[in-house]
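The two complexes that follow have chain A in common; it is paired with chain B in the first and with chain C in the second.
Showing the complex of A and B:
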């Protein structure tokens, strides 16, 4: 029972974590991405279509990342070049892409809402022989797919990238001090665009994970607001990769528990609100700390 | 943030340039949607003509359009009120939900009261619920400078789950399997203006509030203070305006109007609260406020436009094989184009001369 919940928690964490890491890098470079959910949805649909067509899961992942990245680029250009407000553009993308996806399903496949295709190549599960039989550890480490492993390996990689590499430093500068970036002869807008493309690709992968890693079919509600949970995760982690990952894992755990609670007379709906309540509480605590520090300094 | 707030303010003098700028987002969105329609094998002009006919061709259709625009006038107004003071409230959707549920609750609980008491009580409950829903983000924003975009966005999701829990459990209609409250009593329903259309007295309330908004922006001290705070908070503080207090007031007002939008929808059209009560009225309200550029007449026209799309979208799906989602595509792209600035494109062209 416990092992099942732990395993399910990690499965539900992967899409949130992937999108959250993308959104984190995006925010560090100066763009708050409210449109992650739309990129996830597009990635989910394209991932399923390619997985069915080619029978190859790597091809599906590449396609999902590409479509997510393309949406990210479009969104970023609207914000950086047409000086549009990022929040409104993000909300607009969520509405427009959700409409586009359903429009496409109806006019292309003649189906509303759900799409199931034949011969979908699902992500393989990596079974680790001895560890799998150990309680708890087996649930944590064994029988996960490559994308889950990649997501967790990307946590230290992102931390290292932002702290130690030249490009990471430049991205941070583009977000925190665009003028200084310009003084160095770099264009902060280009850096910001690159970070949004990355966020789009990560969200596309997250969407594909839901389709070919978990359920095997596409549904218009498949993301279930996970793009916003990803947003909540990097706000919760205050842009630091490890705390963000902890946040994502926590939300994944809530998700796993909530699925178990369904149909048992326990209020699953109230468990669903927990991630969002937590974000408000964390932001409040952080603001109080900042205010106290400022008052002391004065 | 201030860029949107200033673009959402009322423009004092209206020239052809302003009209062109105001209509541009709609035109661009129509172009994008036309491409989507053409790719899917439909004739865009035919579809648009059908949409126009279905939304304004005849008294019945116009009544349906006006009825559908009622909640959008109110959510657009709620958004504009907050934007004008420089507050980026994206939480009107949550207010619609809690307001709708509060009105329905009063409407099916206090069944012994006469209409003259029950109706104001139910509408008051809706406004109060919306106000209280905005209290936390308002205080957090004004006192601790917590980002209101994130808090109000999160509260939307909390509102969805919370209301879903309430109507699936404590407030579920007895003997009902679907997630809905009992129907409100006859005395709690807003009178229909043109039966059998769902057009109801709520529209008159919305128009009255829109008129008050117009007067308020024009001739009152609070209206001026709000605009100053939205345009330049530091100048407003230097002029002796209590900006934090103003932010709280305007967010609560925004919440009250959002709650009222839900209440009017519950008492005028749906007659109860159900899960999926709002197809995104709060988010469409953002598009309405932006497209209407925060002016009273602009909000009215934009709300009528989206109301028309909502009603005609549903009927063209019946008569042709054009999916109703074309409406969502239009709505999303209007939002995007409404905040995009094409000024630099024009500037470049002039520089080339």
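Showing the complex of A and C:
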């Protein structure tokens, strides 16, 4: 029972974590990406289509990352070159992509809402012998897919990238002081665009994960606002990769609990709101703790 | 214009030839020509709005002229961005520093030219070596791992200068570099700049502080209203002649006539206060300001001035002690209640706190007075009465405007400050707390504002002036109180204050120590 919940929590964390790391890098470079959810949705649909067409999950992931990255680039250019407001553009992308997906499903497949395709290549699960039989540890480490492993390896990698590499330093500079960065002969807008493309790719992967890692079919509500949970995760982590991962894991855990609680007499619609209610509760608690610490300290 | 007009000349390191830049109807630069010789310090001098900053932006590649060219080594050059200027060895230290918050001093130093190791990581050891080498050259020692946000202003400025050297610049453009420094730090900067000149670097120095210009520059170009008024060697001119060129006339100095000192209006006892991060900034302060008296507060920024302002206005927290206004304890009263008791407050930050830049001049002028029954009846603003009131005030304070209905951002900084001043002196307050009253205001505006303060004092007003301009404090104050590290290090009466002595007191020495 507890092992099941732990395992499910990691499964539900992966999409949030992937998108959160993308959004984190994006925000560090100076753009708060409200449109993560749209890139996730597009990645989910394209991931499923390619997984069915080619029967190859790596091809599906590449395609999902590409379409997410492309949406990220479009969004970024609208914000950085046309000086549109990033909040409005992000919201616009969420609404527009949802509409386009619905239209595409109807006109291409003649279905509404749900798409189920034959021969979908699902992500393989990596079974680790011995470890798999240890309680708790087995649930944490065994029978996860490559994308989950990649997401967690990306946490230290992102921290290292931002702190120690040239591009990381420049992204931080572009976000914190675009004018100063420009005065040094760097182009903060290019840097910001690059970070949004990265966020788009990560969100695309997150979307594909939902389709070919978890359920195997596409539904227009498949993201269920997980792009916003990702947003909450890097706000929770205040742009630091490890705390952001903890935030993502926390939201993933509540998502897993929510699934467990369904069909136990409680109204499903109410239970499904659990992760989102917890976002509000957790972010409020974090804000209160910070305020307390500030009042007490120094 | 043909290239034949120009010949390569490496002794002319940087210059401008007939540079014109327009913004709509405004001509910010009107045919500006000057030449800075290699290995010299060249000052560009002018008042607010003279076009200095526009010219600097053009020389540094942040902006391009509509007509005319930038000269590098005597030849025309076109810069499409700061990177192009940098390739020619030209770098700039901006007035608002261009360091990236959240990064350490070392990260800021190497940003955009980071040394990499074999694994393409930033090579910290190499970066630190380069930093230490620059330190030795400049004769300073810095803690390179300090986040920029914690570094004092003069350290940030040194990092900016070292960064230009790190990146190989041999022309340094400095925009009002001394505006943020204490006198002793100004001296250090002057020493550093002379050292850089002796190493063959060229320095372009923008300022309206004529003492520093006379002390530092080899040659001077004066601009006014976008035009070059004159260029000369420093040896061939005087401060008075420069001032006349800058403003086009000789202003009479504000005149502080003796006035009778009356009862105590502001009385501060044992005041201790913390800043927003709960650090104790004011430790133990006693201060009196009496009617008919101007008391000046001198101090390097961050020594308790902000907390003093917050305590007098009620905008911040007081830990201990009492603030009395005209005999009444106001320590726990709100700003509104204090204002009703006769407090006026001229904010140090005109753009963010003193005015609402997007609101009309008229609304800015009545803000805070809008509850008076003459201007507002039953919650409805009385348009006619407000208009008459506003026009009278604007005329009295000689505010140049097209219409009082325009946003106040359409006015120059000097005129904005006149509006703020008019509002705060309206309604005969008992105490005026004037913070940085002439920040970003040119010579003419400064004289006007000083006269306003002196007139108010003569009429029996009490003024507490907090300013980073020592000349201003000396000209205005009946007493100058020096703050250092949250305490008073001394008090100097009118007539006996000297900049050098005040400067040392601002860095923590008492008057007795200086005399000894």
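Throughout what follows, the second predicted complex is superposed on the first by the 264 of 298 C-alpha atoms of A that agree within 3 Å, B and C clash if a C-alpha of one lies under 4 Å from a C-alpha of the other, contacts with A are read in each partner's own complex, and residues count from 1 in each chain.
We take it that contacts are C-beta pairs under 8 Å (C-beta built on N, C-alpha and C of every residue); 3 or more make two chains touch, one makes a residue touch a chain.
Predicted model only: the values in this text are computed from it and were never measured.
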Which partner does A:166 reach: the first (chain B), the second (chain C), both, or neither?
-> second
Check whether A:102 is in contact with chain B, with chain C, with both or with neither, and answer first, second, both or neither.
-> first
A:176 contacts which: chain B (first), chain C (second), both, neither?
-> second
Quick one: name whichever of chain B and chain C touches more residues of chain A.
-> B
Please work out whether A:281 is in contact with chain B alone, chain C alone, both, or neither, and reply first, second, both or neither.
-> neither
Partner chain(s) touched by A:269 [first = chain B, second = chain C, both, neither] = first
For chain A, what residues appear in both contact lists, the one with chain B and the one with chain C?
-> none
Across the complex, what residues on chain B touch chain A?
-> 1, 3-4, 36, 40-41, 88, 90, 136, 140, 144-147, 149-151, 153-155, 157-158, 161-162, 164-165, 168-169, 280, 283, 286-287, 290, 321, 323, 325-329, 331-336, 338-342, 344
Given the complex with chain C, which residues does chain A contribute to the contact?
-> 164-166, 169-170, 172-173, 176-177, 179-186, 294-295, 297-298
Under the touch definition given earlier, write down the residues of chain C that touch chain A in their complex.
-> 60, 62, 81-83, 86, 92, 94, 98-103, 107, 111-112, 114, 116, 120-122, 277-279
Contacting residues of chain A [partner chain B, same complex] = 32, 34, 78, 81-85, 87-89, 91-100, 102-103, 106-107, 225, 228, 231-232, 235, 267, 269-270, 272-273, 276-277, 279-280, 283-284, 287-288, 291
